[in-house]
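Same chain, two partners: subunit A is paired with subunit B first, then with subunit C.
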Partner chain A sequence: MSMRRDECFAALARMVGDDIVVSTYTSAFDWIAARDHALNFLSVGPMGLASSSGLGLALGRPDRRVVVLDGDGSLLMNLGTLVSIAAAGPRNLVHCVVENGTYEANGGHPIPNRDMVDFAGMAKAAGYRHVATLASLEQFDTEMPRLLALQGPVFVCLKVVPGATAPRQGDYAYLHGPEVRQRFRDGLRAI
Partner chain B sequence: MDPYRRIHQELTRIGVTLAATLPDDWVGPLIGLLEADPAIIHVPVAREAEAVTICSGAFFGGVRSVAVMGNTGLLTCTGELATLNLRHQIPVFCIVSMRGSIDDHRVYQEIQGRRTIAVLDAYDFPYHIVDHPDEIGCIPDAYEACRLQKRPFILFLTRRLLKGRPA
Partner chain C sequence: MDTDVAAGARQETMRGSSILAAIKSAGVSHVISVPDITTSEGLLRPLAGDGDLKLVRVCKEDEGIGIASGLAFCDRRAIILIQQTGLMDSLNAVRATACEYQMPICFMVGLLEKEPGVPAVHSKRFGVRIVPPILDVMGVVHDTLELESDVARIRPAIDLAYATSRPTVLFLGRRPLA
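So, the complex of A and B:
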């Protein structure tokens, strides 16, 4: 069972308000379509480090909730992050892994041991305070508000399939542009 | 005052409040001081690229930070320093042990000693070598240079500085 990523993100956008949201690579295109906001941090450049950016932001701005939309391929490139985040224990961090079973940004190639890996189980073993796996939009609508309200670090595995093509899909020049980071800095300064 | 305390003092003086670290034995005592300082959030990490990225995230949050690591760790994360910090002009201040010098008699540090500067030059990462306790006072200038240049800046600590005697 799984849900469409665009529909999941549209629902999430209604829940997170003015939270800082860190998204990465292909998920970032869907996320900025769902929520065009100054407090979107687009983690591009090195693969796998969205959660580390999120940890730095959460520690730097303990007054704000930080939601990370990691990829499953991305997390696999930086698994140590689970232990580092658990040890740091940021109460304001919600680390979501958007699991589609592929390295989507570089061609949709399958991740190792696809469909067998239990990402929430890994996060629990690493020491996250709360973990969950959500596999349908109904479950997401019901459970996600409660998970967002918990004291972090919280880990949520979102099992998704692609949805509609986002308007900026593949526009890496936009993701990498200095304007998006300046907008984020200005947005953070303003709150 | 021992060099580690002087470095910690300088970092405090310039307002560093977050340190992300992965030790080798030369920088370990500095990490111990950072861990013991209640004014500093200390984040031990599992991989040096995490340290660099946590500091980068903290930068956007308005926090002054430092990444502390060994020379080998620096070499493992030059790709991330290039594609994150250099590409996106995000300053990150790294304090790194300068391993593989002629007084570092560890054969497994040989390549670090011979090629690290060449690698940094290839990426055009600025660096500065602190070789004597009197030079620790350069840290505020080095930190400011990092912020002005909006790129990774490596502050190397030599064995002579930290140990004061040959191996």
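So, the complex of A and C:
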């Protein structure tokens, strides 16, 4: 069972308000379509570091909630981050992995051991305070508000399939451009 | 006392306490680290007990680049304390985050097996002498610290990195005194 990523993100956008949200690669295109906001941090360039950037933001702004929309391929490139985040213990960090089982930005090839990897189980074993796996939109609507309200670090595995093509899908020049980082910097300084 | 005789002068090896004081004076709030034997006793161990600096222990060095980047967006200063092997392992993150995205990522890097008093590029160790030229190709500013008198260059290097939003690498060419 899984949910459409665009529908999941549309629901999430209604829940997170003015939270800092870190998204990465294909999820970033869907996320900026769901929430066009100055507090979107688009983590591209060094694949795998979305959660690490999220940790830095959570440590730097303990007064704000930080939600990371990691990729499953991205997280597999930086699995140690689960232990580092658990050790740092930021109460304001919600780390989601958007699991579609593929390296979607790189041709859609499957991740190693697809459908067998238990991301929430790994996060729990690493020491996250709370973990969950959400596999349907109904479950997401019901459970996610409660998970967002918990003391972090919280880990949520979102089982998704691609939805509609986002308007900026594939526009990496935009994701990599300096304007998005300046907008984020200005947004952070304004709150 | 560990000393180095150069041009007839008696020069003191840098002290960890002096390095910590310099880091603090530069406004650094967080140190992100993977342990390195060059800096283990003289720097990392006293740092771990220092109440003014927050130590973030990470599993792999490139995590530090993401964390320091996040902190920089929050106007918080950080140092990534690692070994040159970890720096080499993190070059893609340095390339993207620090160089192309122009983030003020500051490294303090123990040079494992560098011979004291010998410039890194002249080291007999392959894993040492290749490092500065690689950073030169990437346009990353770097400096090597060995003596107590070198510690005075730490704060200006960090200040410059944040003023220009560029990375900087401070190599520690010998073990700091505890």
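Operating definition for what follows: the second predicted complex is superposed on the first by the 191 of 191 C-alpha atoms of A that agree within 3 Å, B and C clash if a C-alpha of one lies under 4 Å from a C-alpha of the other, contacts with A are read in each partner's own complex, and residues count from 1 in each chain.
Note that a residue touches a chain if its C-beta (ideal position, glycine included) is under 8 Å from a C-beta of that chain, and two chains touch if they have at least 3 such contacts.
Only a predicted model underlies this, so the values are computations on that prediction, with no experimental measurement involved.
Asker: Mind checking the superposed model to see whether subunit B and subunit C fit together on subunit A or clash?
Answerer: clash
Asker: Have a look at where A:61 lands relative to subunit B and subunit C in the superposition and call it first, second, both or neither.
Answerer: A:61 sits against subunit B and subunit C alike.
Asker: Quick one: is A:168 in contact with subunit B, with subunit C, with both, or with neither? Answer first, second, both or neither.
Answerer: neither
Asker: Applying the touch criterion given at the start, work out whether A:183 contacts subunit B, subunit C, both or neither, answering first, second, both or neither.
Answerer: So A:183 meets neither subunit B nor subunit C here.
Asker: Scan A:130 for contacts with subunit B and subunit C and give back first, second, both or neither.
Answerer: neither
Asker: Figure out whether A:84 sits in contact with subunit B (first) or subunit C (second), or with both, or with neither.
Answerer: Touch partners of A:84: subunit B and subunit C.
Asker: Please indicate which partner A:49 is in contact with in the superposed arrangement: first for subunit B, second for subunit C, both, or neither.
Answerer: both
Asker: Kindly list the residues of subunit A that each of subunit B and subunit C touches, one partner per complex.
Answerer: 41, 45-46, 48-49, 52-61, 78, 80-81, 83-84, 87-88, 176, 178, 181, 184-185, 188-189
Asker: Can you list the subunit A residues touching subunit C in their complex?
Answerer: Those residues of subunit A that touch subunit C are 41, 43-46, 48-61, 78, 80-81, 83-84, 87-88, 176, 178, 181, 184-185, 188-189.
Asker: Can you list the subunit A residues touching subunit B in their complex?
Answerer: Result: residues 41, 45-46, 48-49, 52-61, 78, 80-81, 83-84, 87-88, 176, 178, 181, 184-185, 188-189 of subunit A touch subunit B.
Asker: Within their complex, state which residues of subunit C touch subunit A.
Answerer: It is residues 30, 54, 56-60, 62-76, 78, 92-93, 95-97, 100-102 of subunit C that touch subunit A.
Asker: Inside the complex, what are the residues of subunit B that reach subunit A?
Answerer: Contacts found on subunit B: 18, 20, 41, 43-47, 49-50, 53-63, 65, 79-80, 83-84, 87-90.
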